[in-house]
Structure formats: structure tokens, C-alpha cells
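Look at the two complexes coming up: chain A is in both, with chain B in one and chain C in the other.
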Partner chain A sequence: MENLIIEATKSSPYIELNCNSNVHTIKGESYPENTFAFYKPVMDWLEEYLENLEDKAVFNIEFIYFNSSSSKILMDIFDLLDEACENGKSITVNWIYDEDNDASEEYGEEFAEDLENLEFNLVVKD
Partner chain B sequence: MEGLYKYQKELKKRGIILTLCGPISHEVIQSVGTILRAKLSDENASTGLILKVFSVFVEQAENIIRYSISDRHLLETYVGFGILVVGHEDNEFFITCGNKIENSKVSELEANLIKLQNMDKDELKRYYKKKRKEVSNSNSKGAGIGFIEMARKASKPIEFMFEKIDDNYSFFTVNVVI
Partner chain C sequence: MHISKIFIKSIVRVLFYATIYILGILFLIIPKVEHTVETLAEQNGREVLHKIVTIVKNAHKDLESFKRASLQAHKDELKHLTDTVVSIVKARYEQSKDEASKKEVLDLVRMLRYNDNNYFFIIDYNNIVISHPFIQGKDMSDIRDKKGNLIVPPMVKIARENGEGYYSYWWKKNRQDDNATYEKLSYVTDFPQWKMVIGTGVYLDDIQKEVARKKQELLRQLREIVKTTKIGKTGYVYIFSRKYRMLIHPNSNIDGKDMSNFKTPGRNTYILSDLINASKTKDKALYYKWDKPDDPGNYIYDKVSWVEYVPEFDWYIASSVYLSEFKDYADNLRYSILYLSLVILTIILSLVFFFLKRLLRPVEDISRIALNVSEGNYSIRSKYKSNDEIGTLSNAFNKMVDTIEDNIKNLELKVKLRTKELSELNEKMRDSIEYASIIQKTLLPRLEDIIKCFDDVFVYWMPKDIVGGDIYLFERLEGKDEFLLMVIDCTGHGVSGAFVTMLVKAIEREIVTQINNGELQPSPAAIMACFNKTIKKLLHQEKIDSVSNAGFDGGIIYIDKVNRIVKYCGAQTSLFVVADDKLREIKGDRYSVGYKKSDAHYKFTEHTITIGKETRFYILTDGYFDQTGGEKGFPFGKKRLKRLIEKNYKYDFDVQKEIFIKEFMKYKGGNEQKDDITFIGFKL
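Presenting the complex of A and B:
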């Protein structure tokens, strides 16, 4: 399978899903015109990736802003990762936020509360 | 031509920072939203406050695009028709949005918004998380949690009204104060 890289726009994040390093990045803003269509390739990639994953995977996620439909998709993505961990995969999410952006911290906490198996760390940006 | 200056002065008097009236597309949200953030930042608003105002602006504008009645397809993209106002008065920001909807949608919207008006912050949080976990309806253009998101950002309950236009349509106004 190939890595998935999507360049950032004003309303959508930079995405790098890397099946060689198993370190993945999602970073920026998320309020695309059609959220479900935008994240469809990401969901499809992750489903295939998680099936064959043997090593430890890390997701570094850093959002400045995301809208409510992105929030729903992010929950779906985390649920997918959570389920994979329940089935024995080793995955860590680093939710990176700026100290000034208290909403982002709160969003991270709220995702963490709804996940059972996934290691979900809140990380303040340097 | 006369009257425009008077109109502008009236907007200024009411603390209105910007107003959009007419066709609204995703590109409009991006550009106007970026300017709005820059303007608030220039006035030394905190990051948290800027993002709150921006967040409600985006949710309101997306509601216009998704749910307003329009039979026109411009630029091969979703275009909604409505009015959106962002203002600042008495240390509060307000983001008000209005658009035409079908009368058949009124009762469900009204019930949903009254429910949100009666929830406190903890109840809104629980309701938001519950709705977010629900399997999405593939017919829905959004996640259906935009109003809850706005209610959580707001400093007082969301206000709304419906004004009947004719037997088919009503004008739907939503006001969010931060």
C-alpha cells in the first residue's frame, strides 16, 4: 500500500499517512466544503492499513480549528483506532494543542473520555 | 444611490462588523472567515474568543448553504441564499443568520432548538457527545451537531424565530451571542 499525502488548504488539514514509518500527521484547519467526501480516502486508507498493522503506530494530530462535521468524522476515526487497539494493535494518538487555544485542549479531553483502548495523549505544543 | 451611506451608518450604530446578504458558498465562508479572524486579532481579541466567533460564523454560514431554499446552482458548488451578520455590542459578539426554509421543517427545528435552550452546559456536552457517536444518516449533508456546537460556544441560550412568508415557506432567524 502507498502513503497518503494530502496538502493543506485554507479549510482542510495537511494529512500524511505513512505506512513505512507508521508515524502519521494531521495538522491544520478542518471545515471542508464536503467533510465526508474529504475524509473518505482517509477512512479507506486507515481501514486497509489497520488490517495489516503489526508495529506500533503513532498519530500526531494538531488542529487549530475544526467544525462540527469534522468533529463527527474525527470521532469515527478515533473509534476505528480504538477498535483496532481492542483487537490487539498498538496505537498512540498525540493530540497536540497550543496553550492559547483552550477549546482545542477541551476537545482533546472530550475525545479521550469517549475512548477505551486507544492511548490518547494531550500534548501542549512547545 | 441615496440611502447607502445612511444604511452603512445604521449598521455601524448597531455594532455590526460585517454583513453578508445573498448567495453564500464555501469559498465565501473561507475568505470572509479569514478576514473576520484577522480583524478580531488586530483588535487584540484572545485566540479563544476569535475561534469561538469564527466557529459560530462557520456553523451559521454552513447552515445557510446546506438548508436554505434555493433552486439555483451557481459555480457548480453548493450555494445558499440568506443573510449573515456579525457584530459586537456591550462586550458581546453576536452572529445572526437568516434564511428561507420550508414550512414542513419548522416544527422539528423548533422542537430541537427549544430542547437546546433548556439545557445547561453539562447537558449540552453530554448531548453533543451522544449525537457525535451516533451513526450518521447518509442523507444528511452535515453531522447534525452544528446547533449543539453553537449552543456550547454561546454565553446565553440560542434565540430563534420563524416568520411565515406564505403557505410554503418561512423565514428562519437564529441569533447566537458570545
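Presenting the complex of A and C:
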């Protein structure tokens, strides 16, 4: 399969899903007009990717802002990853946030609470 | 004057090649020419020398042949005269052979004279002179001349052995005033009948004098030649003898002088010896320092002499030049070449300058026009017309600008048209949405209905667009002092959000009817569950592949004023309560209402709060605290919100509202509002 790279826009994040290095990046703001449509290719890619994943995968996620629709999608993504971990995959999510970004920290904490198998690290940005 | 870059570049390039051209001349051609000039000058020096040597050798040959011819003439004359005398003697002998006739003959011969004072002599076989004008009867057997040679015996011997012959010796002249001896050539012939030798002689000094005169003449001529011969400007020829005498020299102070003691300036050798030695070398050249005719005695000038020996005269002939002259020649030539090169270069550069100017003018024009076009001025065109490439460029450029101008005009027209259409469409839509907004606003509870139910209250409703996905609902239960307050944040914002609010409002009306009819408990959790079930049903969200994925987050508050109890149920929404000077966040369930993934039978949590006198409640949608702004563009944040409430809850709610709005606007700054906002605070 091919890597998925989506360049950032004002209302959508930069996304780089890399099946070669298994290090994935999502970074920026997320409030697209149609959130579900925007994240559809990401979800599809992840489903195929997780099915064939053998090595350890790392997701570095750094959001400045996301709206509630995006938050629902993110939860869906984390559920997907959590489920994969339950099935024996090794996945780490680094939730990267700025020290001053309380909202991001709080959302990170909330996501972490709901996840059982996924290694979800809250990482303060240098 | 504007000078274009391309012009400067071209000129610089031409100058570069020109410089290379001049350097090439300086370093390649000029040295070669200089060398050639020096070689030619040297050749010239040697040639002049050679010519003079040839002249001298030819003169010598002439002199020799003159000598030979003169001698032969004398010889012939002597023989002829003697033969005549012999024939007379013989005739007499034929007549009478006796002593008397012999004596007669001897006497006769003694009397004979020719050529002024010349005479005949007869000698017997015993070397006795028997007929002679002065030394009659003298025995000459042992008499020698000044060279020590016998005089008479060899003559007798030659005559007797060969019958005749010539012999030369040194002899006194028959003159009173001259006792010197001169070389004399005599012819003798044998007359055996009377055992005697008859002869006559001639002094050779005539010939020698003539030869010497001719030699002097030659020297005179040579002197003329030498004086007029110039090698180059100041080079000359000179001749000296082996005995170190300067025979001919154009410089009168050494012409004819004995130079045997003249040392070569700067050396401990003699100049003429050096020159003689040089004549024996291969190139026959001597380099030395010498003076100049216009600076006599100052021996500082480098000079070269080529020397040749002429054995015929025992002379040395030399030609010499000042070395500086070679340089002068070369310098002259170099300056001429350089001058000529510069003239040619100047002409070429001028031609290049004017040619380039002419060639580049249209290019510069087109460039200027292109610059104008790039700045948006499409009105000017290149006027250059020609059948060459620049003409083609000019023409094509004009056509291009025509096309661009035309396109832009067309485009502007189209844009205007489209903009008009779009703004019309936009206006229609805006009208439509604004009307929708009126409808949406009428769905909102009337503020005075709310105010009269609370001790103090504020409501802030600010959709992101004209209509929004946020809605708040307020109901007083029929005949009771109980109220329902709901703050709902539907999926999305704008028109789509507004549609969901309509649905929410409709369901809420139904729920309130059920409560009033006693069919449903006024429990926020039950109401929330009812919303969840109804929305999922109405929007067909039972299946996972459902098209609609709408729903809402929000909070439902039930207020029982009589018993001073508040019940709360939240879906992803918190209720903030300030009691006893403490702020408490009552978090709602982490569960949204609606959406296809949610469970239709999900049981929401219900919180019950007893109300104190100064208990204050705040409920708001995430549009407020998720708004980005500040220095780094981060969301406002719940922490900041809490601090804001803690700091200001004591104020009247009107004042608090102003503060919340002001702080929000301050934080948002120039950023756009990200989401719809509903913010309600109240006190009972």
C-alpha cells in the first residue's frame, strides 16, 4: 500500500501516514466543513494498514485546535487503534501538546481515560 | 543616457577579446618581430662587410693582373730589343768571326741606348762584363746584390742552359744623384759563337710604383666607400692591418693611427688583437664597449663588430654597429605595431559600439515595453519593423501583448458578469438564511419569560453564522414551579446545524407535552435518553451505514424551585456550579446524543444538586472555551473559563455577561469565531 499524505489547510491538519517507517504524523487544526468526508480516506487507510501491521507503529498527534466533530472522529480512530492493540498489535500514540494549551492537554487526558489497550502518552512539547 | 545591460555585456566581451588581441601582439608577435629585426640587422652588418671584402678582393685581383700584364709587357720588350741586338751581332759574326769584329760588336753594343737611358750588356762565360756603359771589364763572379744574391753568374747559367731566360736582382740606377739599388729584371740570351751572353734589363720600381699608386687609389676609394657606408644609422666599416695600424676608419681621430697599444675598454687586452682573434671564430663577431662619434672617449656603448681577414692585402675588414640600434629598430617597430593595433582596435570598437547600439535599440525598446506589460500597462507596442529575427520578435511580442490585452479585457468582463451573478445568488441565499434566522430566533424562548423565573440570569447566544447549530430551550412545567433549561449544541453549525435545532425543538415540544400529561418523568436523564432514541429513529441512524450522522451534545437542567433542587444530565457538556465560594464542574457523560454509533438505549447519568442561597449555575457550549486565539493561537481552555468564573461570579449577571463577552473577544482577537456559542448563567 502507499503512504497517505494530506497537506495542511487552514481548517485541516497535515497528515502523513507512512507504512514504510510506521511513524505517522497528524498535526495542526481540524475543523473542516464536512469532517466525516475529510477523515474518510484516513479511516480507510488505517483499517487496511492495521490489518497488515506487524511492526510497532507510532502516531505522533499534535493538535492546536479541533472541533467537536473532529473530536468524535479522533475517538473513532483511537477506538480502532485500541481494538487493534487488543488483537495483539503494538501501537503507541504520542499526544503532543504545548504546555500552555490546556484544552489540548485536557482532551488528551479524556481520550486516555477511555482507552484500555492502546499506549497513549501525553507528551509536552519542548 | 540609459545603457542597457546587454549592451554593457557585449561591450565588455568585445573589450575582453580586444585585450587578448593586444596581449597576443605584445607577447607573441612583437618578440618574434623583434627577433627578426635583430637578425636582419645582423645580416645587414655581415652583408655590408662581405661586400666590402669582395670589393677589396676584386681590387686585389685587378692589381695582380695589372702587375702581371706590366711585367709581361716589360719581358716582351726586353726580349724583342735583345733579339734585335743579337740579330745585329749575329750578322756581324757571319761576316767575320775574328776578334776584331767581336770587339767592334762589343763597342757598338756599349753605345746602344733606348727608352731614355737604358742599355745592353754582354758578359763572357767567366762572368766578366765585356760590354757595359759603366763597368766595362769587371769580373762579376763574386759580386752580390743587397739581398746577398749573386748577380751575374746565375744569368750566365740561365742563358747557357736554356739559351735564354729572365733573372731579377737589385741594381743601382745609372744616375749621379741616386745610389740606391732597385729591383731589376733582365733578359739574357746565349751567343755561344763568341762564348758570351747578351742581355738588357729594366727597373721594376715603375711597376711597383704604379701598383703602390693603384693601392693608394684603392685605399682612397675604400675610404670613400667606408665613409659613406652606414650600417643602420651609425654602424660603419673599418679596415686595419695585421700590424695594428688602423688603415681606414670613419672616425678621424683613429684613422691611420697605430692602434697596437690601444686596449679594449674594460678589458686588459688590445682591441685589434681581440678583433683579429674574433676573425678566427665561427661567427667572426666581437662584443665590446665603445664610444660614439658624437660622444668620443666615452666607452660605454655596447657594440658588435664582425671581422674578416683578407690575406691578399694582409688586412682585416670589420663592420660594427651599436647594439642599441637593434633595440631602436625593434622599439620603433614595436611602437608602430602597437600604434597601428590601437588605431585598428579603436576603429573596431567604435564600429562595434555603433553597431551594437543600433542592433540593441529595438531589443531595449521591447524589453522596456515588456516591463510595462508586466506592470499591467498593455497599451504600448513595439514599433520596430524588420525582416530579421528581432523584427520577428517584435511582431510576435506585439501579437502576444494583443492577446493578453484581449484576454484580460474578456476576463474582466466575465469576472464582472460572474461576480454579479454570484452576488445576486449570494443575496438570495442570504435573504433566505436571514429569514431562516428569524424563524430560528422565534424558536428561542423569550428572554422576559426566563428572567421572571430566576433571581438573576444572563443568556448569551451567538451563532458563528446567521443561523447556528446551538439552541437553548426553557420550559415551565404546567401549573408547577418547576422548570426545564436545555442548552443544545447540534452537529455542525450554519444551515445544517440549524436544521438539527429545528428537529431538537420539535422533539422537545413532544417531550414537554408527555411530561405535562404525566407520561414522562421530568428527569433530565430520561429526557436525554428520549432525545437520543427519537433522533436516531427520525434520522434512521439504527444502522451503521446510515447516511446521516447528526446529533448533539448538551445539558438538560431540571429546576425545582419549591424544594430548591436542581437535577442535571449532560452529554459531553458540563454544568459549572458555584456554591459556598467554590466552583464545581459537574461533567456530563462522555456520550453524545444521536449519531449512528451511539446506543439508542444508553442510560445517561443524572446529578442532583441542592441549591443554597448563593448558588450560581453556568452552562455553555464548547464554542466558547474551544475558541482559538491568544498569543499562540491555542483554544481558550476550560481552565481559563474556570478562573474567569471564580473571579467574577459575585457580580450581577448583567455585569458578568459583559465580562465573559469582553474576555472572549479579547482572546479571540482577529481570529474568526470557530463555532456557535451559547452561554447561560443563573441564580435562584
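Keep this in mind: the second predicted complex is superposed on the first by the 126 of 126 C-alpha atoms of A that agree within 3 Å, B and C clash if a C-alpha of one lies under 4 Å from a C-alpha of the other, contacts with A are read in each partner's own complex, and residues count from 1 in each chain.
In this text, contacts are C-beta pairs under 8 Å (C-beta built on N, C-alpha and C of every residue); 3 or more make two chains touch, one makes a residue touch a chain.
In this text, all values refer to a predicted model and were calculated from it rather than measured experimentally.
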item	value
Superposed partners chain B and chain C on chain A - clash or fit	clash
Which of chain B and chain C A:100 touches, first, second, both or neither	both
First (chain B), second (chain C), both or neither touched by A:43	neither
Partner chain in contact with A:31 - chain B first, chain C second, else both or neither	both
Touching partner for A:110 - first (chain B), second (chain C), both, neither	both
Chain B versus chain C as contact partner of A:65, first or second or both or neither	both
Chain C versus chain B, contacts on chain A by residue	B
Chain B versus chain C as contact partner of A:5, first or second or both or neither	neither
Selected from 170-178, 440-448 or 512-520: the stretch of chain C that, after superposition, runs into chain B	440-448
Chain B and chain C contact sites that coincide on chain A, given as residue numbers	31, 36, 64-65, 67-69, 72, 98, 100-103, 110, 113-114
Interfacial residue positions of chain A with respect to chain B in the complex	10-11, 31-33, 35-36, 64-65, 67-69, 71-73, 75, 79, 98, 100-103, 110, 113-114
Interface residues, chain A side, partner chain C - complex	29, 31, 36, 64-65, 67-69, 72, 76, 98, 100-104, 106, 110, 113-114
Chain B residues touching chain A - in the complex, by the definition given at the top	26, 29-30, 34, 46-48, 51-52, 54-55, 58-59, 62, 77-78, 125, 129, 132-133, 136, 142-143, 145-146, 148-149
Of chain C, residues touching chain A in the complex	489, 491-492, 549, 553, 572, 590, 592, 595, 597, 622, 625-626, 628, 632-640, 674-675
